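Here it is, the structure, as structure tokens.
Labels run A, B and C following the written order; every chain starts at residue 1.
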Amino acid sequence: MIEIENLSKSFTLHNQGGAVIPVMTGATLRVAPGECVALTGQSGAGKSTLMRMIYGNYLAAGGSLRVGGLDVTRATPREIIALRRETLGYVSQFLRVVPRVPTRAVVAEPLLALGRPAEEAFARAETLLRELNIPERLWGLSPTTFSGGEQQRVNIARGFAHDYPALLLDEPTASLDAVNREVVLRLIEGAKARGAAIIGIFHDEAARARVADREIDVTEFTPRKAA
Amino acid sequence: MEGALSILSKEKQQDGPLLRVEGLSKFYGGRIGCADVSFDLWPGEVLGIVGESGSGKSTLLSCLAGHLSPDRGEVIYAGRDTVTMPEPERRMLGRTDWAFVHQNPRDGLRMGVSAGGNVGERLMAVGARNYGAIRETASDWLGRVEISPGRIDDRPRQFSGGMQQRLQIARNLVTGPKLVFMDEPTGGLDVSVQARLLDLLRGLVRDMGLAVIIVTHDLAVARLLAHRLMVMKDGRVIEAGLTDQVLDDPQAAYTQLLVSSVLQV
Amino acid sequence: MTDQAYNFAYLDEQTKRMIRRAILKGIAVPGYQVPFASREMPMPYGWGTGGVQVTAACLTPEDVLKVIDQGADDTTNAVSIRAFFARTAGVATTEATAQASVIQTRHRIPEAPLTEGQILVYQVPIPEPLRFLEPRESETRRMHALEDYGLMHVKLYEDIARHGEIATAYAYPVKVEGRYVMDPSPIPKFDNPKLGGMAAIQLFGAGREQRIYALPPYTRVVSLDFEDHPFVASKADHACDLCGSEVSYLDEVITDDRGSRMFCCSDTDYCAGRRDAGHRGRLSPEEVA
């Protein structure tokens, strides 16, 4: 489902004398449907960078990166938008939404974007919010005013609203209590069971051990310092 | 089987971009307004044009919308070049398939005409002749842009800035256009009012499958509304791509400067 | 008495030719406002300088001229224009609608149906029906060219929204042959139905605004309206107090300081004709000896 070969990335800082900073080289990785791969490595090793490249958020410098057959490094914006809408979900650590939009609508949006009937989309959103223990009185409010843990759970609900065939999870259990952590892990297991290919970053080692089938240390892809 | 077929035929209809722009250029004497701009726009897509004042983004928008005639290039809409199209047809397009939302609602509204008349004008321009039906549609649209239908007979002068802008949007969308040009639609509005308008626009874009070209200097607005961005400088497009990619991993020196010059967006 | 110091009908032949060209163009493109080089006339603007120039361009020595102002032959404006042409063109004049070959009018169409061979010349103060909605002449001309007439219905919409009905009572806009929107001059909307399918030629002259437009005989003219608020040619709900007519357009006349009033035909020739034929109204003297 996700096939990465010899992927590299560098940043060119034009406003700092044109410095070129290589951050990744030779990244190779495959994730099959129903498989969960955990990215490991120290902070700054490039875990999030790799995730962002898979999502099309960062441009690759070289190599290939296929998600569901689409080479993200060469795809048009339109193809990436379609990929994100239909195939590839992303639960980031931060919730970025239009202020004022009620939580219920934030969670239902991925389904509405797919053209699902509003009734179905909102029913699904409410099921997820309930599962994730977001009090019903908050559903009509914008999540921008919520606590960090609540925002994270809204973000997860949104990421799981549609059954994406591929999922990127960036610290899905961070800042969650034991009860909600368990809910999220069960959601991840459910996604695997239905055949989703998952790449995740988990600092929570117990969680990683429970859901990940393999671990990839991204340090391997870090360019040697000042060779 | 039948469902699959109908989906196929729908896909077929949407085969090809809604708008295809090739080598569009406009000069003011020896000065460049915009130069050599090319892009495709597909149904349902929101394209943001960002850049500083004077970067040519408004000139480009005016050329695209037919308010200015470009010196070179093509603007192909539904298979026809709107640059060489006779003016009557272009105007007809301007009141049916196309819409233009101005930054200042005063430029896009008739301030002496009631809210209902403002919304109804495009309907009447394309032949609606039933007062009751026009009024009903106008009232429905006021509701959709969150203006109380009870204010249908009030003049825009009596409305707040945010309401005026929402009224302008209703007036433009009432004929179900396919392509909407927006020039800084949230400029000049309070932040909270902006958020409400952005939410409204997002919903309308999604529900009506609108293609939108939006000019803005506000990168936060661009991030929330646009699927794709074009960054302009000195009349030229210097970078284009997926909105979050352009903002999070800008490639051109100017874009990096632009992104780093604003507060967290 | 013809004043030999002037050319026939006051204007020189070149000017009349220029005006005739504008008239012919107007007839060829019904409802379209043709610009013309309006001349200074020996009367103030607003007194019918446009109509007078059109009349001058149409008159031949054999013509019989009738001039009415709001339907009346005997008001100052009508009398002086009639005298003007009697003096400068030496044409015969009449008050009888049926006997006139050229009728210049301010703000009315005669009650009696006009016939082929007659010419009705309107005096027009403001020829542009879109003027009060769009003040820029450059823009209104473009709107006409592109048939961009949504705005015209916006005005009617606003009328209904504000008054519950289309409150425009005169200078009610019409569409000509499905193409141009035209201001019929400030005739009451009661007269609008007579514009369409008329046997006579109708010419409209606006002197100050330098525009001429025309309706050839039997032109299709439709008053703008909405399906659910159709055009209604209304008049005062009375009969003429002099001749008893229930179908003619009426003037309301205040007769004393205590608010007494009477209604009488605005078309004086029509009213007189009916009275001659023995019709009587509420205030007619009973005894006729």
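The working rule: a contact is a pair of C-beta atoms (placed from the backbone, for glycine too) under 8 Å apart; a residue touches a chain by one contact, two chains touch by 3 or more.
Fair warning: this is a prediction, and the values are worked out from it, not measured in the lab.
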item	value
Interchain contact steps from chain A to chain B (minimum; 1 if touching)	1
Chain whose mean Cα position lies farthest from chain A	C
Separation of mean Cα positions, chain B and chain A [Å, integer]	31
Centre-of-Cα separation between chain C and chain A, whole angstrom	77
Whole-Å separation of chain centres (CA-atom averages), chain B against chain C	47
In the complex with chain B, residue positions of chain A that touch it	11-15, 52, 56-59, 77-78, 80-81, 96, 98-101, 112-113
Complex contacts: residues of chain C adjacent to chain B	145-151, 153-154, 157-158, 160-162, 225-229
Footprint of chain A on chain B - complex, ascending	42, 45, 192, 195-196, 198-199, 202, 206, 223-224, 227-228, 241-242, 244-245, 248-249, 251-253, 256-257, 260
Sites on chain B touched by chain C in the complex	87-88, 91, 95, 110, 113-114, 116-117, 120-126, 129-135, 152-153
